[in-house]
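Note that the chains take the letters A, B, C and D in the order they are written out, and that residue 1 is the start of every chain.
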Amino acid sequence: MTALQVIFLATAAMILFSAWMVVTRRNLVHAALYLVLTLFGVAVLFVLLEATFLAVVQVLIYIGAIAILMIFAIMLTRRVASDDTVVANHNAGWAAMLAVLVFSSLVIIMGAWSQFTTFASPLTRPGVPSNELGQEIVAELGQSLVDPDAYVIPFEVASVLLLAALIGAIVVAWQKDK
Amino acid sequence: MIPLSWYLILAAGLFSVGLYGVLSRKNAVGILMGIELMLNAANINLVAFWRYVDSDSIAGQAFAIIVFAVAAAEVAVGLALVISVYRLRKTVAADEIDMLKW
Amino acid sequence: MEIWDQLGEWLANLIKTILGALNLPLDWNIVVLKLIGVVTVATFGLLLVILLTWIERKVAARFQDRFGPNRAGPFGLLQAIADMIKLITKEDITPSGADKIAFNIAPILGVVSVLLIWAVIPFSSVWFGTEINVGVLYIAAVGSFGVISILMAGWSSNNKYALLGAFRSVAQLVSYEVPLFLTLLVPVLLGRTMGVNGIVKAQDTWFVILAPLPALIFFISSLAEIGRTPFDLLEAESEIVAGFHIEYSGMKYAMFMAGEFLHAFTIAVLTAILFFGGWQGPGAAEFPLLGLIYLFAKSFVFYFLVIWIRTTLPRVRIDHMLAFNWKFLTPLSLVLLMVTALLEKAFEADALRIPVLFGANLLVLIITVQILRIVSKRQQRELKTFEPRPVAVPPPAEEVSA
Amino acid sequence: MLDNWLFIGLFVLIAAVFPATPILINYFIIPRKPNSIKQDTYECGVETVGETWVQFKVQYYIYALVFLIFDVETIFLYPWAVAFDQLAFFAVVEGVIFILILGAGLVYAWRKGALEWS
């Protein structure tokens, strides 16, 4: 077993364990903290996949902003959240069965795919030395985001989507005192 | 070396745990956390496919970054709804929010 | 300077020989080499804290017409050591009802979030922990662990003031991260890279000349990030006791303080690196040690500035602080980002690039000042329309005697 | 490329060990004389009333929300800035349009009064 495999398995175990805690913990603040751990694990996976930009963005957006927003929302609605009521609703049994079903069918379907167990070929770009590869890939990403033949429409639409989300969330959540 | 299958199985596992959370959690914020787990599972898949199958282009990463934007928008509006409902009904239990009967 | 290079090489060879003698597989050699680098940088960062506490107390004392620590050792240099011994033997109190695990992890996470920044700081042309291509975003990202640590500390203390303090701190930190991220984008744009060392190398002319206003905004919002006067609402001892770390004592409290001191110096280093050429200076490319000296000379100038601001300015009110961020810094940094991007492209590889960018910054500054003047005049006019405030009436004589 | 990240990974571990060590040493050598008054919650000497939870303003959420949106939008601009050399002038203008849309959100929040701390 190589060092990379050890790191992967440790990260995977951490992700699955903390994800399980996220969905089962009674105390929602604990669940949110475990969510942070899960998201950090996913960032480690991104590093292993050599998508380092996404790894950093994962930490920045999910841990730095979304997790904070979650904890704020929990605190704002805490009175109910901290109750000793049951965590799960009456669907829990069905939900568990469905989750297992989804997992096994996903694995079975993907297992039938010919490239299921491929290994990665080294990441290369023609004419780019390996120590500038990361820089090159981020630059490519930046170019494709404003390239009319690539993703300029999703890029601008994403900005409009976020604007809509901002306005919508303020309309819904904001209420002037008195 | 790590085969692609490891990433895919892990992502499937994370997705299923998230799905369980969405279906079984009583608290609306908890449900949103489950959705976050599912979106992350999707992102792992996108990046893994980019790295193993299509590393010559940049499509996988561009997709993943759009997913980040969607996740952010979803959380922002979702939590705003939760807060608004809490203000009106003093509850965030999803099965008690049943004003809309038809 | 030759001697230093030779010494470094000799050390590296020595380590390699020892590792070779141990007969480890090749991967593990790399791991051990990296580990030595990591321990060096991290130890350096933490030892710096001891020096920084002394400097800060000494300088702050001078501002307040005092001597500062002067008993323990020459010039009070051993004061920090004495404090450490005191703190390490102090009883540690965990409040009843605290969430033990989160309560203990929070101070560690607080230090980690600051120390991690040092992994990517280039000390000179060849000396740096590591060079990653997303360095600037990495610096921004590890800061989010600090926010999480504050929330954990505040929540796990089981104390109303701690929770309130944590909420206030987080509101302040996330607010000021907006102009911070936007102005971090300016050196990235001017240097065409997110690598921190790449940005330093790109600064043949310091970026502060091309972008003086973003440099200023970066410095101000960094000041807010470290939570010191005038932005020390997280502590605001007269309002919410001590903020999120009210229930901490002994070594755990010391960890929060160590993180804060190191963070204060780190923002000085970052300002020097991103806008003031980092290790760049005459002869720095040939002699790495000279680069180190340049970097620290620049950093200590900014650190002095941080202490100066801390000791002279009063605390601002929370509503003013947030309004200053959202209604002044954020729009201004958006405008500056657009102006810089457009002009940088229009005058690419043009001899006029430097004067044009500098002039544009100046123009934006003048327009901003004019707008502020108009707004403040209008506000003053509105104030005058109010009824005159009642003059303080002296209380009746019998109440005074009572 | 992964070499550099190995450094970061090790740094995370070491950076956690370094502050944890004094706390651990501290744990073994400190005096321990707990009593209920010492461990009581410190709220300015006044006995604590009720549970720790207090009603928080929705304002906190609004600030975090605006931050989240700005954060995500800024992320899109970083690759754009890195690729700046290869961009045509029109591509730069696209980026500026993106920033303007971002600015519209700020203007909305401002006009709505959602940024006021009251």
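In this text, contacts are C-beta pairs under 8 Å (C-beta built on N, C-alpha and C of every residue); 3 or more make two chains touch, one makes a residue touch a chain.
Note that the coordinates shown come from a computational prediction; the quantities given were computed from them, not determined experimentally.
In terms of Cα centroid distance from the overall Cα mean, chain D ranks first.
Of the two chain pairs examined here, A-C and C-D, the one linked by more C-beta pairs in contact is C-D. Here the spacing of subunit A and subunit C, counted between their Cα centres, is 28 Å. Here the spacing of subunit C and subunit D, counted between their Cα centres, is 14 Å.
Per-chain CA centroids place subunit A at a distance of 7 Å from subunit B. Taking each chain's centre as the average of its CA atoms, subunit B and subunit D sit 21 Å apart. Residues of subunit B in contact with two or more other chains: 65, 68-69, 72, 75-76, 79-80, 83, 87. Touching of two or more other chains is recorded for residues 1, 5, 8, 53, 56, 58, 60-61, 64-69, 71-72, 75-76, 78, 81-82, 84, 87, 95, 102, 109, 118 of subunit D. Within subunit A, residues 2, 48, 50, 52-53, 57, 60-61, 64-66, 68-69, 72-73, 75-76, 79, 123, 134-135, 138, 140-141, 145, 158, 162, 165-166, 169-170, 173, 175 each touch two or more of the remaining chains. Working note: touching chain pairs come out as A-B, A-C, A-D, B-D, C-D. For subunit D in complex with subunit A, the touching residues are 1-2, 5, 8-9, 53, 56, 58, 60-62, 64-69, 71-73, 75-76, 78-84, 86-87, 91, 94-95, 97-98, 101-102, 104-105, 108-109, 112-114, 118. Those residues of subunit D lying in contact with subunit C across their complex are 1, 3-8, 10-12, 14-16, 18-20, 22-23, 25-27, 29-34, 36, 38-44, 48, 52-54, 56, 59-60, 63-64, 66-67, 70-71, 74-75, 77-78, 81-82, 84-85, 87, 89, 92-93, 95-96, 99-100, 102-103, 106, 109-110, 115-118. By the touch rule above, subunit A contacts subunit D in their complex via residues 7, 44, 47-48, 50, 52-53, 57, 60-61, 64-66, 68-69, 72-73, 75-76, 78-79, 82, 123, 130-131, 133-135, 138-143, 145-147, 152, 155-156, 158-160, 162-163, 165-167, 169-170, 173-177. Subunit B meets subunit A in the complex at residues 1-10, 12-27, 29-30, 32-34, 36-37, 40, 43-44, 47-48, 50-53, 55, 58, 60-62, 64-66, 68-77, 79-84, 86-87, 90-95. Subunit A contributes residues 2, 4-5, 8, 12, 15-16, 19-20, 22-23, 28, 31-32, 35, 38-39, 42, 45-46, 48-51, 53-54, 57-58, 61-62, 65-66, 69-70, 72-74, 76-77, 79-81, 85-89, 91-92, 94-96, 98-100, 102-103, 106-107, 110-111, 115-121, 123, 137, 140-141, 144-145, 150-151, 154, 158, 161-162, 164-166, 168-170, 172-173, 175 to its touches with subunit B in the complex.
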